[in-house]
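Each in structure tokens, the structures are laid out below.
In the two assemblies presented below, subunit A is common to both, partnered first by subunit B and then by subunit C.
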Partner chain A sequence: MAEKKKAGKSSKSARKAQSPAKKSPATKKRSARSALATATSASKPVDERIQAMTEAPLAVCAEDESLQKMLNVLRNREEPIEVRLAALQSLQAASFAVLAFESCRADYIATLRELVEDPDPELRQRVLGILARENDGFVQKKLLEGLKKPGKALVPPEKALQLLSYDVHSEAYPIAREIVKNPPSSEAKREALRLLSADPAAVPVFEKILRDKDELAELRQLSASALNSLRPEKLQEHAREIVLDKNEYDDIQAVSLTALTTLGDEAEVTGDAELLKRVDALKGEKSTKVKKSARRFLEKYGE
Partner chain B sequence: MTAMAAATAGATSEVSEDDFAALVDALAAGPERRGELTDLLREDHPVYDQRGAATVVRMRGWVLLALARAGLPDAALLYVLEELDAGIDAYLVAAAARALRSRPQPDAAFAPFLTRALGNIRYHDEPVSFDGYGEYAVGANGTSPVREVLATLEWLGPHAAGALPELEALRAQPRGLSRKRLEDLDRALETVRAGGPAGEPGGDCCALPDGLSSWARGFRRGGGPVESVVFEDQEGGTAGFQELFQGHPTVVVFFYTRCDNPLKCSLTVTKLARVQKLLAERGLDERVHTAAVTYDPAYDLPERLLRYGQARGLRLDAGHRMLRATSGFEALRRHFQLGVGFIESLVNRHRIEVFVLDAEGRIAGSFERLHWDEARVVERAAEVLEEKTDEPAPPARHKAASPMLGTLASLGVAFFPKCPVCWAAYLSLFGVAGLERIPYSPWLQPLLAAMMLINLASLWFRGRSTGRRSGFYLALAGALAILASRVVPGLEAAAMWGVGLTLVGSAVGVWSRLRRPVLHALR
Partner chain C sequence: MKVELQINNSTSTGARFVGWTPSPCRIRMTDRSGATSLTVNVQITARTTTTGGAVVFRRGTTGTFSTSITVPVPITGASVPFFIAGRFGRPSINNGDVTIEARVGTTLVGSVRCMVRVRKNANQLTPGERDRFVAALAQLNNQGLGRFTDFRDMHTNVSSPQAHGAPGFLPWHRAYLLDLERELQAIDPSVSLPYWRFDQPAPNIFTRDFLGVSDSLGTVQFSPTNPLQFWRTDGVQGINRRPFFNTGTGAPSLRTEAQTLAIGTTYSAFRSMEGNPHGSAHVSFGGFISSIGTAARDPLFFLLHCNVDRLWAKWQRVNGRFDPALAASYDNTPSPVGHNLPDTMWPWNGITGGTRPPTAPGGAMASSPSATAPGPQPRVRDSLDYQGIVNLISRLGFDYDDVQFA
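What follows is the complex of A and B.
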């Protein structure tokens, strides 16, 4: 009986240990402060510091001294990179509380700008990402410079394009068009096309890629999606032609059928005997994807 | 072109940023050239054409800083206050706050702009550097917009007494500004309080200095020709400028859906919805139309316009629309003298602008740059409406001409002789009136048919703008009857019915246009 009681007690304490303890805000702050002290102490083991960093965000902006300690860890190249990355994550988590972080924001942004040329590529890329999401002019200028002069690039071109795409006003369209014409890599071309998917002047580029059977299926699908956003009527025209083309790839035909099913002008499509006949034929042939898309199309317009 | 514009005309999009900075520095060196610096603040200045938004920020910021050194003239004050009122870019707000301190005298009217700037920018407070052109603050160097705004409040001193409650509330917040900014705030509070309790020394805290109110009343600005502009609305319907903006006053705002400043486009469209409600409360919503026109017509397709308007509570129907110019945007830009710059089709910078058009589509009032009051806009539209009611005749006569011609054309088609023999018979009938001198002209029939079609098209567009299409349908039935009488043997008598229907249709079309003003006049 006593053993049973003991076992019950131990399982209760185990549950208590497993479940997150309900702490009052004051207790949370106290433990965050103590975590921050551990996190910023160079004498503590790395693992312990990284673990403490995850508990520190509440205390990061509580006092100016705490913030400066954390920023020092972040910018100190002598610190282990794992600790620096954890410090960045902790600061980023703290910054999500916009009101509470108000007093720390200026120093935080200034420190991040110091780190855009840090030798560690992961830290550099993360910092660039944070600043790019803030539409930071400093970072946009650096990224554009890197795309124009690859020797100055802070990140690979596909990553730079991805970061520049966060801000539609970042003046990256001309360089993205250039990259589509002369891509340094297929990834860069893909990201350039993604960036251009909000540029109405790029409609002819997307039309050309969508109809080019030599292009990668991923890029053709991306072009279809961009046309859907920029000129839905153009997508409908091309989708019809693609469906009618007996030598077209299955993936692209399936995408085109889906586009016509969801976006097609009902009167126009139902009156298009040639198209309906072709889709009827597709229903019984080819790949599963095409068959499924054809069936959905005919459920809406035919039969 | 003004003398000022001529002086900076050489500054075009071809000028490099370094050359631009040198030009600005040279202009700032001579106090007599401040007008040229001010001219460089126009959003549509060619120097900003085809530059990205971040570049425009660097360039405008440098102009503001040059004005801060040279002394801010009256003509540039509106640009500075605009930046404080609705700016969200740290560099520009900081530069504007610094430029304001170069005014010869502090003015209590500046205080509300500074407190608004503080509210807008405090959560985006970033380090900025004024050390050199295009420099960004890295590390601990530089200043910040909040620091500059607080320094300007300190410069205002007792003149900012009206802002005291807001500043004290900011000071009392347990969390808020950083320790350094709190020191700045304390210094500002100390000088502001030096004038005594709030409101005493500042005088009129909220009046702008003379000449800064943007309303231009009692005048008409015709602008450039806009006949070539074709609009598409949120439903995909198309119409010309005259169809949309003639016959009734219209409140027009400009915006674009990709605008990243919520204090500009989003707020403008939300405020237009409020204008619509105020018009409805006064029973003017049918007589005063509203339109939100996009700066970004290539991207803002009808569906996007619809979603954007609906999300902001905009009423959308025949009299209240969201529009994009599918052709003739340049003509539209010139007509309204829009304060907007572009990189390709994308806006790189724009001001806030609201227009009240009279029943002729001319600009009868405009409000630019600073935040506008919805009630004042409605008041101005109501004034314009009264002007129109006093003089309804000219547009009415103008509008009536087309249906009259159309009906005559229908008559002509219906009774046009089929051959020279019939022509001779007609002439013998009218011989007494001397009509026999007119030669038989086969080309006249297609001409009359074309006029009939023009009449039908006119009735269709009129029906679209008024929401009443019965006139068009009657005239269409008439035209079909006339056509049948000409091609189907034995149906010649249908011509009379056709002419009658066309006449009635045209009259109904005109009446739907004039109904409101006439009923209003009768009341």
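What follows is the complex of A and C.
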């Protein structure tokens, strides 16, 4: 979906506007009802409305009228975007009080679904995130559709993959594999790999990346970790090979040493003379990361 | 001549941890050679380093503390009680950085090393404290295969009514944190849960060596030496967290500590902090932490809640609200099951079905070598008197660096 710019402040400046330490006169104590009245009044200054919204999130559900007013602010594209984002945050905060929020939940979720195609990219992304974390089937379908047909995408592919990883379904795997093969960006490839880290059939994908010294260190790190999770019995083997490889990159060696220190099989590691000797030598490496991880390894296993 | 020093009434090394709350201790003679009378006066003091913890002593449950006490110890081997507490403002940095010494005259007749272990501001941890915490947490998670899975499964949309939106919000989370902390301490006893003081900038928390740095997408990045890079929940690698404030210089926009403590002097009023600052802190990010069902997938969740609990502890101290029998200490309006003072709390009670969730992950509350409360199936009321101020036996075995005893 094309990202339309709304008149007024952009989402970025809206985010900035929500930074703390903005102590308006409205910070003085007032009742929850009065705070809500200020928050939903279009005639009040924006800063004051935002401040009021942070004051009493639980009061949103005190009366049906309050909830509807807040939802109207959120829906209304004529409202300043920073006010709409603050309304969303206030409703989110209120949703943490599950029992109190129960009567509001249905209207809240229905409103969020109305907003998945909102022209403001920041609001859209936040709404999609909330619904994705609720394992919302409607949103999952939209995200998958956007990955298959980029013209219909609500968010960039890396974001869609990240949101789909909240509740991984096997239908997402084929498109994620495709993105790993032909990534539109390195972030998309990384997020596709993260999603695939739940797929036991993806082991060969991770093995290939791990062995490929031309891959980004971040992706190899992720692959090593994913492989260790998908095949826990392989942790020792993979990490050991990397540590023993004198031509391996520092970052990957540090990752492997950290894996062995934190998650390794103590009996197996302490009985591995070749590995211990190699790590002892790594103590003197130039790389701070390798030295640090070697030192921690030896504190646990070697001394 | 030799004596045995029992910290927290135990000879176990796992029990040699104290906070600001007085720990019950005992001393008894194990070798009476050289004794010339039926009792021997033993002086108990402590030795520490310049940066180490400091402790104080007293003979009974009341009275002032001092840096040294003299205890008449019978030569029969019968033990004599006394109390040790950390000196407020002087927590330990490393396990065993305080040595308790027993002397007869100038002769050392017994010693044990211990630690003043309290929950600290995560932004001020030493690199060593930070690394030990992170390593223990990563080990508990064990790439999604470890005991952490139970903690993740305790805090979901399904179980949420047991813990949110009613008076039991604070007691339930106190028990939840304690359970997790005890599991961490089973891995590394020097670890305590740090808190994220969310009303102040905390740049040292959001680093690659600690809880990670979020990229523009909200994917959290770690240094190659940080074991949290292997963090895995719900079968998926990594953590999503997108801050809506500058984590390097700023803090979320929410009630400050002073404003929170001023909410009101009754628990019924104070518990509105569940919305602000608690809820506000959660939603100052996008990602896992901003929704109830996924919040516990982010390690930051536990630091956030540790601060929520600390605020309650501070409020309790300011207002004297430790006694469950005092109306202002709790909201006694009849509430859903799990939120009333006498109710047992899920999942530790193992009750499933009906008004409780369908499963009870994790089993009973973890035990601790240094505190007997709250027992395997804590009730709501067991969370209140966490320092054992009303009843010594109720102490839960944790303290906050800036919340004094009594």
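Note that the second predicted complex is superposed on the first by the 228 of 303 C-alpha atoms of A that agree within 3 Å, B and C clash if a C-alpha of one lies under 4 Å from a C-alpha of the other, contacts with A are read in each partner's own complex, and residues count from 1 in each chain.
As a working rule, a residue touches a chain if its C-beta (ideal position, glycine included) is under 8 Å from a C-beta of that chain, and two chains touch if they have at least 3 such contacts.
Keep in mind that this is a model prediction, so the values were computed, not measured.
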#### Entry: Most subunit A residues touched (candidates subunit B, subunit C)
C
### Task
For A:Q236, decide between first (touching subunit B), second (touching subunit C), both and neither.
neither
### Message
Quick check on the superposed pair: does A:E171 touch subunit B, subunit C, both, or neither? Answer first, second, both or neither.
### Response
first
### Message
Per the contact definition in the header, classify A:V98: touching subunit B only (first), subunit C only (second), both, or neither.
### Response
both
### Message
A:E114 in the overlay: touching subunit B, subunit C, both, or neither? Say first, second, both or neither.
### Response
first
### Message
On the A-aligned overlay, A:A198 touches which partner chain: subunit B = first, subunit C = second, or both, or neither?
### Response
both
### Query
Touching A:T40 in the superposition: subunit B (first), subunit C (second), both, neither?
neither
### Query
Of the two partner chains, subunit B (first) and subunit C (second), which one does A:S66 touch, if any: first, second, both, or neither?
neither
## Note on the structure
The intersection of the subunit A residues contacting subunit B with those contacting subunit C is 98-100, 102, 135, 167-168, 198, 232
### Task
Could you please specify the touching residues of subunit A with respect to subunit B in the complex?
64, 98-100, 102-107, 109-111, 113-114, 135-138, 140-141, 167-171, 173, 198-201, 230, 232
### Touching residues (chain side subunit C, partner subunit A) in the complex
131, 135, 138-139, 142-145, 157, 160-161, 164-166, 169, 215, 217-219, 221, 223-227, 229-230, 232, 234-238, 240, 244-246, 250-255, 272, 274-276, 278-280, 282-284, 286-288, 290-294, 336
### Task
Please give the residue numbers of subunit B that touch subunit A in the complex, ascending.
51-55, 57-58, 91, 122-127, 134, 136-140, 142, 144, 146, 175-179, 181, 258, 260, 298-299, 301, 343-348
### Task
Would you pull the subunit A residues touching subunit C in the complex into a rising list?
15, 18-22, 50-51, 54-59, 89, 92-102, 125-126, 129-130, 133-135, 158-159, 162, 165-168, 187, 190-191, 194-195, 197-198, 217-218, 221-222, 225-226, 228-229, 232, 250-252, 254-255, 257-259, 261-263, 289, 292-293, 296
